[in-house]
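When the chains are written out, they are named A, B, C, D and E in that same order, and each has its own residue count from 1.
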Amino acid sequence: MMGQSEKLQKIAAEALEQGQVTMVLGWCKKDFWWQAPVAFITDPASAARLVWDPFTVYNPVKYLLDNHHCHEKIGVFVKGCDSRAVNRLLQDRRLEREKVVLFGVPCDGKTDAAKIKAAFPGRKISAVSRVDEKLLVDTDSGTETLPAAGYLLDKCQTCRHPNPVVYDVLAWEKVEPRPGVDDARFVRVAAVEQKELEERYAYWLRQFDRCLRCFACRNVCAACNCRTCIFDQAEPRWIGKASDLADTLNYQIIRAFHVAGRCFECGECERVCPADIPLQELNRKLIKDINEYFGEYEAGLDPNDKPPLGTYRGEDPAGFDES
Amino acid sequence: MKRIGVFLCWCGSNIAATVDIEETMAAARKMPGVVYVDHNKYTCSEIGQAMIREAIAAHRLDRVVIGSCSPRMHENTFRKTVEAAGLNPFYLEIANIREQCSWVHKDKLTATEKAISLIRTAVAKAARSEPLFSTEMSIERRALVIGGGIAGIQAALDIADAGFEVDLVEKEPSIGGRMAQLDKTFPTLDCSACILTPKMVDVAQHGNINLITYSEVEKVEGFVGNFTVTIRNRARSVDMEKCTGCGDCYAKCPSKVDSEFEMGLAKRRAIYTPFPQAVPNKPAIDRANCRYFTSGKCKVCQKVCPAGAIDYEQQDQLVEKKYGAIVVATGFDTHKLDNYGEYAYGKHPDVITSLEFERLVNASGPTGGKILRPSNGQPPKNVAFIQCVGSRDKAKGNPYCAKICCMYTAKHAILLSEKVPGANAFVFYIDVRTPGKDYEEFYNRAYEECGATYIRGNVSKVFPDGDKLVVRSVDALSGALVELVVDMVVLATSVDARADARELAQKLSITTNAYNFFNEAHPKLRPVETQTAGVFLAGACQGPKDIPDTVAQASAAAVKVVSLLNKESLLSNPTVAEVDIKLCSGDMSCLAVCPYGAIAEKFIEERHGREIRKRRVAEVNTALCQGCGACTVACRPGAINLKGFTNEQILAEVDAICL
Amino acid sequence: MKVTTDKINSNLIKEVEEVSGQKVSACFQCAKCTGGCPVVWAMDVYPHQILRYAQLGLADELLNSKTLWICASCQTCDSRCPREVDIPKVIEALRLVLLRARGGNYLHPNNLPARVLENAPQQGLVSAFRKYAR
Amino acid sequence: MSVKPEGFEPLIVAFCCNWCSYAGADLAGTSRMAYPTNVRIIRVPCSSRVNPSFIIRAFQRGADAVLVAGCHPGDCHYHSGNFFTRRRFTVLKQMLEYMGIEPERFQVRWISGSEGAKFASVMNNITAEVKSLGPNRKLRDAR
Amino acid sequence: MKKIAKTKLVELWRQLASETGLYLPIASDGVVNFARWQEGAEVDLEALNTLLPAKKFFFPQTETVLKYSFSDDLVLEDCAGKAGEALCLFGARPCEVASFSMLDRVFLGEPVDEAYRRRRELTTVIALGCNDPDETCFCGSFDIDPGKAPGADVLATDTGDELVLVAQSAKGEELLSLLNGVLEEATSGDENKVKDAQEKAKAKLPPAPPAGGLMEKLDGMFEDSYWDLLYQRCIACGTCTYICPTCHCFDIQEYPTGSRGERIRCWDSCMYADFTQMAGGHNPRPTQKERVRQRFMHKLNYFPRQHGEYACVGCGRCVRKCPVNLDILEVIKDLGGAV
């Protein structure tokens, strides 16, 4: 039976060979066992580089912004979250659907390398692979088996759409969403909400004090797809370039506001943050409020929706004194 | 660096008494970019304006800040001033140091501090102002008048006489409105119908007036000079082309319902014209009460119609029309008396409202002009008139004075004495208000010549006693308790805004006051205009008004419309949105929030190395853009900006305030 | 009866307004209160006159009037007043002003027999202390 | 976070739409309805012109409170602007509270052109509320 | 040579902090950064590298270089001459210490950066030798010994239950002498333990790709198609440059507030679109390709051409933190010799 990586390789090679697409975005391995960055495949022979392993978390969709001009059609492997990024770009009119062929990859959750490392302190790990719900970890002192569910990335533990929501081809059978994800979705938000006001401010101040202003959270985000971000402009200068905590708070508040009603909960912002700032607690707060005030809305499911802040109903409630 | 001139206005003592002008000037001199500071007792006067013009020339000023009254007051005046001195009119900024400073603060120290801050903010904004230019827009040289009462009729006739086409939209099957219901009019006692009916006929026959009855305004889009209005022509069920107005249909119609025109004192048919002099004199079927429409059987009118004009299949039609100007003349409703149980209205047939009384007096009314008690058809001997019913009552009614009741009650007393010789009129009042030409004399006539007894006391209770009514009050002047036994009680009901006034205001983007009367742009200086350019007011929709005032306002509104439609073209609002295509991502978030459809997508071509790429960007139609700025916030990269209120300017204002 | 500047400026109105919470100056003398008052036949000063006297500061005329003790607080006037003046409250305030001005301190908790304390309704006690004790 | 020095006079930045709330402020003026000097008005055409960035900027630069005032829903001079305002600032206000900013610091109110008295009373209230909270240090620039 | 039991370290820090500002790797919400020590601080000497490199102590992320105000006259206040405080940096890893000498070449070369010089002089560095290098460490490529830190004032080595401290400069001697009360004299046995630890660490270091010859190879590669492929993955965040101990590009910004203002110097990043963008809008590095090339060419070609050593110390931060796994190790492997 063909392995999952081979399936991806076959899909990509065929699409390239048949001229259906001129580039395929998927995942490849690098030197370290936990690395599986996005690969840009343009010839069928290189399709053999493609892999599907516990670490193929990276979202290839945003790369379409840079590449769709140069190619007639691009093939993209999309997990559930990646497919919602496609809808995000379609809804924002940053991409045309006919420019892409979507190879859907049902995803059973990606593995958190840090959790694996922590499980084997002092041991050298050379490879990790997944077989159903088990992780096989090759170490310098033999192969160990771990339950996959316990070592998922945090963001995958609250994933509501493990299957692509839009695709042209499906690599394999769809998977079931993890049980309990709906309950888990706003747990962290509720925990912050329950803090006292001053405690909340101190909490966020501590988090954002670590912010480097590297803008990785923004740059990785498919909802942050402006040609030139407002924070990169010199005139008017919306925030200072220097790393000032107040400017950082300004950036983080407005960043969250700009993705309000548009964030599709891929959690990449939080994953890429070098300072481990819990950004999803901010994004999800906005989702929670929008749901409560203006009705349930899940971004990235239908590119024809109007985003909640781009529409209104006359009878909307207000989160402030309307007397 | 800009060369900014700051001019402070004393406004007599209005500003100078509370804001230390000297100190404010000293502070202004130190503000970045300020090269000249001066002051004047009345900057809006010719002397004050000349001072600004001269200073611009003498000191090569390129931006002007005036600390004075609200920009809503004199912004246009001062824009013209700086324009006359050769500057772009939008190089002017006004710091509102009167309405928002000297008039609301008492302490001179802190008020001065605030005035300085307001000047600093205006200087910061002015330093970032750009020259703005209007573009010329065509005008749709037609007017819409909403409401076919005397206000609408007068406005329509005046506009039409000036040579412009007018559409007159009326909700009822006929024009005429409230005035058509009245018998005589004060203070001359002309017959209402005698003076109104000819005007109604004029409307019908005027080549420039297009009468659209049984219709309502559904939607209003566009802006001054270029409104697009959707009108709902309600299904009349009568083909207006075929109908000859013979009246056979309503003579035979078997359904009888209370006549609205007769205030329920008489019946009309389901197919009806509201009154005999109706214009157009063609009936409509009231489908809610029509046997055919409610039970599917009848069709009597169709059978008897000699012209074959009855059309049960008619549907409401939505018609879209373009106008350059709109006159709103939708009139008033009479106050509902649900809160006034003490007057026994609705419980006893001889307690009637003033408008019902008008119908009783009217020769074409239900009694043929005889004043008869509804209970027994006998003429009343004693009649009590109660004023201020629902007016001047902040507890249960309207806190305002309805303005017309004193006069019409005097008229009623006079009419009673004429129509029922020997009858006694008792008028219960709080105050009698008669400002108006010949009004006091008219009121004097009521009690001097016609024998009306005026009692200064509000009636506390009316209750039946046998076939009579007991009216209980006190004569506050003598201190005597009053208990009258009368045959009829007439309630001078207050004037309300139309029940659907707010809905219409929202469609027109005009505002209302707390009681839903439409707001004029300025209570004294712009009494017939609204805050929405091109929309004008006439009559009681703006506030309680009698016929002379209504007609005067209607003609005034007509003049405003005519002067607007007479223009070759209009200058567009230059404070419109503008797209920086460098920054525009083309995601069209702006388009989603634009209420005017003023944003469209366009594709531009850009060179990337050797290849040419097409890219979507937003484009603003400056003729349609009204400058609200909603798009600027929807645009995440800040690619769309609002001229005159740019991001740079507002951020500079924030910085200047918080400094 | 004579109105002088001193009278109009007297503290009585202020005191009555403060105690009653009513705006005496709001009355525009429509007299609807008097017209509907069920016990007006027994009054020497009519309700609308009470308000007028208060507006004019006619303290003696007010405080000597029988009306203060005749008003039954039935609220008929109040329910019809177009100016939202609760006249019974104004009259009650006048009564309190009068009683307090008399200076008597009739009630002391210690002097109340236990029998009374046991059986008297609380509301009655509160009211009694409000009126007859300082 | 807040210290309450004696005689603290808060700085309140108010964004007022030209057609309703700015007119309401003018009406308060023509009616001589007094309110404290702490508030500074920035005139915008419509409350929908107010960018959340302006609000954060005001806090950064030292505002103790920010008010956005517009026409009542349905009365917008531009038909629908304040409906967007309502959604945007419902979201922003909840977020600021979630981040630990006192709710009194950022307020949104509907004040029509005929509500001069309401304008004055809103100004009185917000000034009193912020006075009792003390100066705002949150979100504020270090320099 | 001195030593101290690891259980008594808090006493050492307490003593040090009473003498000078003490900064060491402290964990907050699980993230380790150099932070000022205070009672109860969660010091983490096991952490391999802090999130932000120690360069921030000499070359802060943001610093005010000038203040000005004008009401009647313009008044200037130079801030650079007053910069810095006396402090002790405890626990800098050898790679980190190696980076200081690279930064010195930039900031202490003519014209001397006065603020940097002051901060550098006011700081005493206590390095902490590595015992357990990570799989991502490649200091070996640049001949840095993970157990030794020649540029430090004091070298500390973890010998199991104790920390052995060796002064390597006069400043170091002086510092240790202040700590006599808490330190014990080390023995020759301890000296052996240190050597042993250093050797073990070196042995544990993953095989490092040789960097030799890279500079010459890159001379001809400015227009190479290699960069066309390499940059594709880059998302243009500034993570690698901000966490890099040797990156030192900065930008100057004005912060005017009415009649006052400040001039600020802050870290810049060649990953950002506005890097080297000129006032008129032109940018000689218009796309991410040029910017990615700039980063690696600077570290591996321009800098060594100018200063004689590579501007990389192999700390591995970029390898671990790059959100898309694009790092200098990959470039060295691609262009240099095999592992």
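What we mean here is this: contacts are C-beta pairs under 8 Å (C-beta built on N, C-alpha and C of every residue); 3 or more make two chains touch, one makes a residue touch a chain.
Note that the structure is predicted; figures quoted are calculated from it, not measured.
J.: Give me the step distance from subunit C to subunit E, shortest route via touching chains only.
T.: Minimal hop count between subunit C and subunit E: 2.
J.: Count of steps on the shortest touching-chain route from subunit C to subunit D?
T.: 2
J.: By mean C-alpha position, what chain is farthest away from subunit A?
T.: Max centre-to-centre separation from subunit A belongs to C.
J.: Among the chains in this structure, which pair is joined by the largest number of C-beta pairs in contact?
T.: B-D
J.: Taking the mean of each chain's Cα atoms, which chain ends up nearest the overall Cα mean?
T.: Given all protein C-alpha atoms shown, the central chain works out to be D.
J.: Per the centroid of Cα atoms for each chain, what is the distance between subunit A and subunit C, given in Å?
T.: 74
J.: Please compute the C-alpha centroid of subunit A, do the same for subunit D, then give the distance between them in whole Å.
T.: The computed centroid separation for subunit A versus subunit D comes out at 37 Å.
J.: How big is the gap, in whole Å, between where the Cα atoms of subunit A centre and where those of subunit B centre?
T.: Each chain's C-alpha centroid was found; their separation is 55 Å.
J.: State, to the nearest whole Å, the distance from the C-alpha centre of subunit A to the C-alpha centre of subunit E.
T.: Distance between chain centres, rounded to whole Å: 31 Å.
J.: Find every residue in subunit B that makes contact with two or more other chains and list them.
T.: 593, 634, 647, 651, 655, 659
J.: Of all the residues in subunit E, which ones touch at least 2 other chains?
T.: 255, 257
J.: Provide the residue numbers of subunit B that touch subunit D in the complex, in ascending order.
T.: On the subunit B side, the touching residues are 70-73, 96, 98-101, 103-107, 110-111, 113-114, 117-118, 121, 502, 505-506, 509, 511-514, 519, 531-532, 575, 593, 595-596, 626-630, 632-634, 642, 645, 647, 650-651, 653-655, 657-659.
J.: Applying the document's contact rule, which stretches of subunit B touch subunit C when the two form their complex?
T.: For this pair, the touching residues of subunit B are 342, 388, 392-397, 430-431, 456-461, 472-476, 479, 481-482.
J.: Which bits of subunit B are touching subunit E when the two form their complex?
T.: Of all residues in subunit B, those touching subunit E are 30, 32, 120, 655-656, 659.
J.: Spell out the part of subunit A that touches subunit D in their complex, as residue ranges.
T.: 192-193, 197-205, 230, 238, 244-247, 249-250, 253-254, 256-257, 260-261, 282, 285-286, 289-290, 293-294, 308-309, 312-314, 316-322
J.: Using the touch definition from the top, list the residues of subunit A that touch subunit E in their complex.
T.: It is residues 30-32, 35-38, 40, 58, 62-63, 66-67, 122, 124, 206-207, 210, 212-216, 218-220, 228, 232, 234, 240-244, 271-272, 274-276 of subunit A that touch subunit E.
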